[in-house]
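What follows is chain A paired twice: with chain B in the first complex and chain C in the second.
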Partner chain A sequence: MGLFESAEKFEEVLAGFFRQLGQNKQIADKLLKSKMIIRFKYTDPDLVIVVDCSGDEIDVRPHDTETKATVEMSMTSDVAHKFWFGKVNLTKALTRKEMIAKGPIPKILKLLPAIKPAYEMYPKYLEENGYSEYNIH
Partner chain B sequence: MLPEFFAFYSPTKVVYEPGIISDLKPELDIIGIKKYFVVSDHILNDIGLVQKLADGLAEAGCEMVGTFLDVKQDARLSDVNTCTKAVKASGAEGIISIGGGSVIDTAKAVNIIFSEGGDLVEDYSGGHLLTRPLKPHIVIPTTAGTGSEVTMVAVIYDEENKEKLVFADKFLQPNLAVLDPEVTLSLPPKLTASTGMDALTHSIEAYVGIEASPFSDAFAAGAIELIMKYLVAATEDGEDAEARGAMLIAAAMAGIAFTHSMVGCVHGMAHVTGALFRVPHGEANAVYLPYGMEYNFEEITEKLARLAPLMDEDVTGLAEEEAARKAIEAVRKLTGKLHDLGTLPVKLSEIGVPEDGLKDIAEAVPSDGTSFYNPREVDEEELLPYIQRAF
Partner chain C sequence: MGGYAGQLLYIDLSSGKIEKKPLDKAFARKHIGGLGFGAQIYFDLIKDNPAIDALDPGNPFVLMTGPTTGFKLDGAARWTVGTKSPLTGVWGDSNIGGFFGARLKFAGYDGIVLTGRAEKPCYLFINNETVEIRDAANYWGKDIYETDQAMIADLKPETGRTGTVFCIGPAGENIVKYASIINSKRHAAGRAGMGAVWGAKNLKAIYVNGTGKIDAAAPEKLAEIKEELKDVYEESIFIDALRASGTPAHIDVGSLAGDVPIKNWLMNEWDQIDDIGPTEIEEKIHAGHRTCYGCGVACKKEAEVKDGPFKMAKGPSPEYETVATFGSMCLNADIESIAKANDLCNRYGMDTITCGATIAFAIECFENGLISASDTDGLELTWGNAEAIVAMTEKIGKKEGLGALLAEGSAAAARQIGGNAQDFLTTTKRMEAPMHDPRSAHGYALAYAVSPRGACHEASLDFNIEGGSQLIPEIDELFMDYEEFSSDGRARLNVACQDYGMFFSCCAIFCNLGAVPLSATHAISIVNAITGFDYTLEEVMQAGRRLWYLKRGITNLFGARAEDDRMPKRLMTELEDGPTAGSVPDMDLMLSEFYELRGIDDSGIPDPEVLKKEDLGDLAALLGRV
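Let's turn to the complex of A and B:
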């Protein structure tokens, strides 16, 4: 059993955070420049979220299994949660298949410096939006 | 200081001997299949290497059931697709690639579809998507640089979408790497120098990178020592079998090192410069290497100090920082010698990079994937003066 009790709760927390990232100009500009469509496939609890950076603004679409994504990232919800705290060693996660990246790896790696500020934002977001029980910072 | 985590997996058997491509029977017997498809290029075919390999296979009771010789510079997706069809039609049970990095990477990608079927880009582009070993792949490198004979990576250029696709998987590590210095004797001095500098950059960046471990350090340090000792000799006299052998061994060791601990901003600058101004990868690495070491200096002082004696620098009585500077000096001495031989540039201005392009390079490097593994955060403003000095 993962940290999140239900897919609904995980969606509320993570999709909400992605939308906040989309409003952050510093991060959003770089993501939009990539034109990428990223599908996150989470397990335990199961959830699919598409983050679409191909338009003029970032569109976060839970449950979108249809859109052709540039990249698919698969992981458990707990690994995803830890990732946004900056607490996942990416090499370790990829080597041990805790995180599976399907698609152009160079493009994925290019996004990492862009999302670095998100690691500081995530614990604050959890505190400010009533999700402090999930704050492992 | 020990890393928090590391994994080490290097299943490729490495055999070394001058002339061994004519004496592969013991290795082929162990692998146990008889029908091989050979991936190479026309230059190597024209100098008789493919035929020599075919003769060696026949003597070992094996058969070369087909060849693909159209591999171009930068392994291309269209070649992978054409080659895959030929391999499937040939009745081959395994693949032998004989050539440089493009040939080897093409064969690695071909083997994915040959073994597993499906669509290369749709199903396998990415990291660690394979679930079982592929068909046997034997690699005979004819350059001493990429280390692809032992790495888990294949980089393929998709001409249609103009992007480089990366396939990273432990199952891409070949079964056997055959290091035969005789097959590198014909490598021209310029290519010897630039591919050798590529191997040196792999090993130094692997040694100082954030994913380095005691295991990768051992291979990186071994490679650095060999390259510093033998690269000039191999460049000066292509017939120097000992130097050729040492460089082949070093490139493979560097490959083992960087497939585990990655590379950093020197490769980042080389990737961007190559993409913007068509500068060959090894030459760009050679120019940038000392400047990249300087950019990272504060974060890697202790490790550079440890490298200096392996680079034949006397550090007796020197403080750590002074010893570390000696390592950078050693790289400059090496590239200076290769420059004097007329085989290597030491400045960007020598290889067609315009001065007004330097800012563009600095702007793009932080977004290169290698920046993620660099010991110091790669910042456009902070990096630019180093690129300007490299000009």
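Let's turn to the complex of A and C:
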């Protein structure tokens, strides 16, 4: 069993974090420029979240399995959690298929500079929103 | 015996004697190819008189292809050169892509052994069976691009074909200690100053036109493996990233992990890093894609700067290492200036890693008052001053003013500059470290420290394995997951990376980028299908291990000892912020474990019994006498 006891809890934490990223102008501007729709598919616990950057603002939609995504990223919830702390070697995770990316690679690469500031935000977000038990920083 | 051309060329530049010697089958089987051939031949030539200077006529130079060179395979266009390095004073080698290796084999030769020194500038002309030493007066003084273009134009009427050129530029002629040799304007034997050795030999270029073909021993089997690999390559995100952005993709990925050195290794976070990343490269300088012989990965990119102070015609785009040395290392966020510095290095023929790292070192000396504008002919050599960085690159190529001192490399320059300049060094065995921070992956530190040619991320497969781009399921050490930011297990990992890496990228010779999706089974099957030999994993590991000890032993013969297996203080200092904050490799632990695993004594020399076991008894005897 992963760090998160339920899909509901994981959704609460991660979708909340994605929404906070969407409110951060520095990050949101870059994501919106990409016009991408990203579907995250998590396991253990299972959860699907779409982050839609195709409109005027970032739209975070848990359980959206219908929208056609530009990019799909699959991983366990624990890998996702560690990733947002900056504690996952991305190259290694992709090679070992701990993270599986489907979609145009140049577009996926362009996301990396956009999300870099998120690493610092995640532990703070956990602390400030009552999720400190998940803070592994 | 499939896959090999079957002959080696021996050229004595002093006497002008040219010999063609058949490639012995047993020799090929034992050493596989590339540096397996080259280091052995080199050692046999110097063992009676190893006390040579790198720039002496008595320092041989070996250029060797591998069994896979010349086959239309992804990640297999590589070939190698080796000699004593004028930069480091120990064994130096370099691994090159491009077209020259394939064309040389098509002309009928697996490699070239150069000895002596020509009386006046010359070039080697190879047109299939015709091999001649010719006068290079018309080319001496020309830069790499001019030489390449002129030689091809001059010789096309004679050979009827374009041919391909491997040449030095003014930096090699002027003995810049990190001069490179470049094929087709863009494929460089960059590291360790191979071009200066050619300059000392008065050798400007080798032109080759080869129209023959090389057959695999089992072409159907090879075709079958290639078919199987289509899916493997299709699934590789690493290959996709290389295709899309080339090696600079690592600016994005590496900076997340703190792998990209910034401000001469003082930082690993920088708010302007994206200005030199792949997105900016694509928007500002990208001008097309290129590849090496037979490789579908096409990771080479073209660049062009149309206007402004760094205007440059379309040509090779900077690789990741160059973007980092002239960019983040110098706090220079101007990607056009980095393209220009790269262009200058290519034209003069200089290693971009050592050149950029040496300029970063010089900037720190300038900022700390150890050198001043009076030393730099008025250049304000400060962090981020793009104009000064580009101007200093040209001064080094010309060996003009401070450029003449920096042309010796940063270790030599630090001795001359004095004060605390040594504190700014990033060298091991006088070679500037590549742009991958050991504080992000501790095994890199050991890999740099014990690399026979000095700090190098390509001297074994540790960067690929620990960095995560490559997995070898057949070898436990190269498959297991290692705890991040830890030095545990890195000695054993490095030993396995050296043994397999010597086979993979030095002997076979696969590309450390384009061939990363290959498992050991794939790699060995390809070599077996091409050669007709029946290598096992155990056998190729043994060949790799022997080559590692041979290179280590040659470096020991040239004077390197345990104290040279040390990392510079700068790279071993904890950073307070960023992704690697608080992380520093435990060198004492890793080195002591490594020495024990390799049977190396406290002085840094391998145990004679270990060498004898690897069939290196003559090396053991020689080391016993020094």
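Some observations on this one:
Here, the second predicted complex is superposed on the first by the 137 of 137 C-alpha atoms of A that agree within 3 Å, B and C clash if a C-alpha of one lies under 4 Å from a C-alpha of the other, contacts with A are read in each partner's own complex, and residues count from 1 in each chain.
We adopt the following convention: contacts are C-beta pairs under 8 Å (C-beta built on N, C-alpha and C of every residue); 3 or more make two chains touch, one makes a residue touch a chain.
Bear in mind the structure is a predicted one, so any value in this text is a computation, not a measurement.
Touch criterion met: A:86 reaches chain C, while chain B stays clear of it.
Of the two partner chains placed by superposition, chain B and chain C are both touched by A:110.
Of the two partner chains placed around the shared chain by superposition, chain B and chain C are both touched by A:96. Of the two partner chains placed around the shared chain by superposition, neither chain B nor chain C is touched by A:136. Common to the chain B-facing and chain C-facing surfaces of chain A are residues 89-92, 94-96, 101, 105-106, 109-110, 112-113.
Only residues 4-5, 7, 125-129, 163-166, 168, 211, 262, 366-372, 378 of chain B touch chain A when the two sit together in their complex. Residues 86-87, 89-96, 101, 105-106, 109-110, 112-113, 116, 119 of chain A touch chain C in their complex. Residues of chain A touching chain B in their complex: 71, 89-92, 94-97, 100-110, 112-114. On chain C, the positions that touch chain A within their shared complex are 237-238, 240-241, 243-245, 249, 252-253, 255-257, 273-274, 277-279, 282, 467-471, 481, 484, 579.
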